[in-house]
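Shared between the two complexes below is chain A, which pairs with chain B and chain C, respectively.
Entry: the complex of A and B
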């Protein structure tokens, strides 16, 4: 790595102290109530909370930036003496003039936005965008020094530093590269404080892993005080030293990451933690034990406290995870730097530092329970498969045979063979662009351009919904990713739910209303929602309404296209609980499309991994996770962040 | 990509030429009769028909006409018997002059005021500006023209000439004062739309992530607008400007009539009155070509202002 500028060590104990910060909507409700936190050089504080909890608002307030419609109600943001190159005394950021604040922004306090695709300027070359920060803050003595710094910071974040690369536009980079440009821009002026606003939300796990390592490495190496905003507790475990948990504008719990994550005090933190899916399937996320737990996890009847999930289980997890955390801390100290670099070079060749502790932990625990494990697994599987016992499970309800879809020379899907069995869930895993949505739409008949066959109970279905019979259409229902756009905002929930019944016909209006009310009861919304409109519902409620819409004419197959991706973890957990209950009650066959491998054990009996239009791994979930055949699956498993 | 747009433009022009030609064919009455009047002898009518190629099948006449267009020969005026080129040449340049002045004034004014209004969103200046532009946009051009005439050249102040009086053989730009009122009317008609569209586009851009990011980088507000926001607004605004300029080509008919300005519009009115088919065809094609060219320019600007489209087109 080139190092042309010296690395200043922080001379202060605390860079920024936020005290009693209160913010509200102009003339309206409070959004932040008396928020306090300190940012310390070389450490990362994670601000954790669900969407709408005010975490981004709090972070932007640290830069004295209020989004339109917000007003300050009180409090202070102290920037401590020595933290900034421009000011030599303590001062309250919130009282500074616009010009003074501008000097601090980007230079002393830098921001990494959530979605680089929106936040990088599409009309400017990436090198120019980094160079701009340096010019504004008069970093370096002349143009040549600034250009050297641009090249240097690009290398620091693991990107090529060539002039040719700098002349690219954002749209010519991948999402991960764009985010690293955003990070380079933030680190360019060697800020004292860096604020990261969910910088990995849109990235696949391997890229997320790389970005997290870069962030961690740069903050520790350059003694930067970090504020990391996220709702993903698994990410918190990977990067944060300290954690503050936000609930409706208040910080309800704070402390070192190890303490908050593995031994939380506040009920809300416990709820959040219980909702995080884990790859091992140890946690009882989604209202019960995992569908396909790993062999080392106890069978449910081992634990008499199974019903009060969060308390009983978090204690148990805490034991095991503390070990994992120790291991990770070691990894950070010793191998962090190398790991980040080698992972950048070639993901296959590098040893996965972050994944290792979890695995060694697994091994030791596996040893403890070696005696009982085999018997337990068998029984667990029996229980999971119980709904199928009533009918023979040998014939799949839906079978996909040699499905292929191409638009001209671009092959989207090729040679897909997939079965959906009654009472079971098949998870279709893949990143954006892998063709998973296209496949699920083909099965539902929404995309008719495929060749090959989709069979329902052994009968070949026509290619498109228009050609399929009413009965065929009724039996396969589709739930869309975003509950915000899949429900017509002008219709009441009841009207929206009635549409499929009107289409299939044969019911009086009264019967239809009754069926709609039953469906709303079934998704635990209650029939009182029948006259509400989607705008009055929260994200989780809307997704339940969308599930009810799919359930209302009693289908046999549910195709769930990323239905939890837009939801917070706790809402995700409740939606998954709902799906699992419905499956148990009705014996539904489900195709659960997702990019989140951590959900695998919690929802699916079978796991299908899709990469570039081909199924690269397919089999019982536990089997695929333990013996991944394809490099892509292995890399997913290696990079998935774990608590 | 630009080549593709160019191809589409050529196709559109060809399609327009067919439509224009077919419509002039459908006009009731006989052009020869119209020119010679009711007293014309059958021999003279026949001779004129021969001269105007009216006896050829319609497709031959179309291709003769199209061939003429391509080499810049707009045909022979049925009314005067002279070349259409000669008849229209001066009037077209007079109109083009009017439009260019109007465009040169209104484009910067519209974009500047629109941007300014967007920057002061919700404040008094913004409300005033959007209010005024809405009122102006709602008024038809002849009302604005009459109001201006009343205000500036007749009842209130008598500063400017209300009609254009160019002696034969002189050119309109020999009397700059006469140009003021027609230009001002066109500007006032066109600018409100530009302001409103620029404002809306800029509001979208100012709410975007990259503008917020630029502010969080500490970029001074002026630079945020000029460097980060405006380039994104150029494409959409160019489309609006093109629409307005294209409208000018048609709207100018009313304005020219109002101020007795010897331009395209007047020529059009005259030609229709005396059923001068060749001139109507020629004028229709000129206006159509203007529409197409202006839109093509807007598309090209849109492509050039957007690196994503630009890099794709160079592939």
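Entry: the complex of A and C
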């Protein structure tokens, strides 16, 4: 995407140029190898890479900050003439003393850290925090000028500039507002360079969209050179002009965003891009086609769809930071677009697909589906819509009926009805605090405080796992969100994985070890991992081990609670590939809990959107994505970043 | 601590690698931490502490076996006039100081070790239960502990010994009980951190018996604070047993005992100091040694590898 905003050129062509930068662990391995990049005023360079690729280290080196234990091996960071108020000649930042460089930090080179909740001082009012930056860098001639600047910069980041607002403390602001205060602090002294270290991680998509817009507008408007660190390529597409891809401390590919993202040269960039989920499900993420791709790319098993079908992600990006979206058909209205898709679906030959839009329209007209008769209709149609399904199930394997949970006056879950069908995945979508983890834990029996019923093949399950029978426990398995917390670091993988078998009984230790080894093979880890400890495994490997623990005694239902949210995109793709394969092999019913709507088409047959403890949208994935009933779903779809 | 079975770790993929294979999930061969015991030993405090403690242990344990043979006198036999100034001289009743010194250490060590084990064991179990079960049990255990903490340790011990008589088991039980609430507090906070981890929840989910969860998931993960508490309480126990003996509430005459010796011979400190100095030096070296070990254990459990790794940037 090309920036169309025209800005007066700054006095310098380049603000900072990094050349041959090499850093290493003291007396150890190299972390960065000959990293080169230029930061240009008015443009944002995105530094992309997986965790551990050295992107934050490289960015911090631009401020001559090395984290403890690192040493400089060579290279230079040139701050160009005219970029700073304090130094008016070319200089190498890496040769400056700590005292000199401190003058530059915050004033000339600003930094926005990842977590605003941790980086703001909770004891200072937000106005004072911004004012403090100005004071330290002697911005403005007197107090009044500084106060005016505080108000101005608050307006610039889209926050109210009133005295009342400035008197608030950070804890009185939402996460998105906190991050914008962080950005305001960074922009307060009109810096030449701004470094943003994953500033939108942990924000929901609507807020992320707003923050990205703010960053983009400010950098272009004020001719600031931006360095944006992220692992999310969809975000890069929203905000960056240039992209540099890092792999193990080296930049493997660089260039304008539209070139790198849409026509990459390096294989690693291609791998990364292939791992990014897209809302349309048109690309095969994680080594397999999407489960419910949009109608125009429907039926990956028939290759009838042409490549020249216009890429149609209209509504979602229309409001993106760029505002305008070249080469995309965003001129089309949403309704029109839907009609086109339906028509395409009808012509694709599969009768079930053709019948789908009308029928599910009926089914979910009321928004929530409480009556089981309508639920059945939906399932019948679901089966018809997925010809890969071999074993038809007449009734859902797991049914949740009118599940409620409240802690005193706080209602966490309010009348949830949900079905999990054999061989199918239901995605439970919601932001943090919507009750999705509580719901999934109630189904798994980890949360006994609910009222209502959870039925397994028509039999009501007891509320807590300890009250459930061995057989019930065996059949429903739960996978935890964080692989770093769900395996005991003091026990070997084999010992941890044996626990479910040990508790369900009836096997000798030798048999159990054999079953664990088989499960490790099934999750593509290999049986050699049986004696390792979690500390030796990477995040993705740990999550695979956790999946293996859930598989070890052949369950029928898997409840996956945000299992990819702690992982890099490429690892996420491989875990999702694994889940899809396992589902195909074993006919598992899955509940996939996530906050990432972009994954919907890749994993799920059905989509349930949870907001404040209520299911606000529920139905076949394709249908919900095309006809979202609730405002929340619509806003998610509108703000989700796409490539 | 974690027994390290050394199996081959998959070799790290070379940094310069031909494109096309970018397996993201590589094993990190260096992620296995240095074993706890090595981290412990790598600290200077540990070495020094072990030497000091070992020295006193040697005297206390080997002493009773060599007493009549090497020194020529038994611990209670008459060796000359009181407060004679010979090599180490005689004590207030004319017994050989060296013989009594060699004989009198093991009781102190045994009683303080038993008291430590009892106190730390009791405190650990109570602290873990309080954190693990929560609710009324947490309140009951911790508030009872608070009440006990309000009574000074020595006063409580003196009261119990006055009532029950100065016997060895009373000494051990009383000191153990006064340690328990202090240990319980530390262990409770360590446990509540572990209990919040998902692997404990996972064990709950598989309906693993509660005692097994405590034994397999909790205890190994609170080993660090537990070892630190052990070392610290050992130091305090030695001090407590020696003080009670000094006050006449521990070992009774004519038993040879370091604490008692200090009390018996302090009246002639200027005349014949050896009767006081020998046991004082031994107790001092022992407490310093165990304290250093406790320090090193806490450092090692916090992941410190060498004593010098604390330098700033």
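What we mean here is this: the second predicted complex is superposed on the first by the 543 of 643 C-alpha atoms of A that agree within 3 Å, B and C clash if a C-alpha of one lies under 4 Å from a C-alpha of the other, contacts with A are read in each partner's own complex, and residues count from 1 in each chain.
The rule we apply is simple: a contact is a pair of C-beta atoms (placed from the backbone, for glycine too) under 8 Å apart; a residue touches a chain by one contact, two chains touch by 3 or more.
Just so you know, these numbers come straight off a predicted model, no measurement behind them.
Student: In the overlay, answer first, second, both or neither for which of chain B and chain C A:478 touches.
Tutor: Touch partner of A:478: chain C, not chain B.
Student: Who touches more of chain A, chain B or chain C?
Tutor: Between chain B and chain C, the winner on chain A residue contacts is C.
Student: Name the contact category of A:527: first (chain B only), second (chain C only), both, or neither.
Tutor: Neither: A:527 stays clear of chain B and chain C.
Student: A:133 contacts which: chain B (first), chain C (second), both, neither?
Tutor: It touches chain B, and chain C stays clear.
Student: Is A:266 touching the first partner chain B, the second partner chain C, both, or neither of them?
Tutor: Touch status of A:266: second partner only.
Student: For A:104, using the defined touch cut-off, is the partner it touches chain B, chain C, both, or neither? Pick first, second, both or neither.
Tutor: In the superposition, A:104 contacts chain B only.
Student: Check the residue A:586 against both partner chains and state whether it touches chain B (first), chain C (second), both, or neither.
Tutor: After superposing on A, A:586 lies clear of both chain B and chain C.
Student: Residues of chain A that sit at the chain B interface in one complex and at the chain C interface in the other, please.
Tutor: The overlap between the chain B and chain C interfaces on chain A comprises residues 68.
Student: Which residues of chain A touch chain C once you look at their complex with the stated criterion?
Tutor: Within the complex, chain A touches chain C at residues 29-30, 33, 50, 68, 247-249, 252, 266-268, 271, 444-446, 465-466, 468, 473, 478, 480-482, 485-491, 496, 499-500, 503, 531-533, 535-541, 544, 549, 568, 570-571, 574.
Student: Residues of chain C touching chain A in their complex?
Tutor: Residues in contact with chain A: 2, 5, 7, 9, 15, 19-20, 22, 24-29, 31-33, 197-199, 201-208, 216-217, 220-221, 312-313.
Student: Residue numbers of chain A touching chain B in their complex, please.
Tutor: Residues 60, 63, 65, 68, 102-107, 110-111, 113, 115, 118-124, 132-133, 136-137, 169, 171-172, 185 of chain A touch chain B in their complex.
Student: So in the complex, which bits of chain B are touching chain A?
Tutor: Spelled out, the residues of chain B in touch with chain A are 207-210, 212-220, 223, 227-228, 231-232, 305-308, 311.
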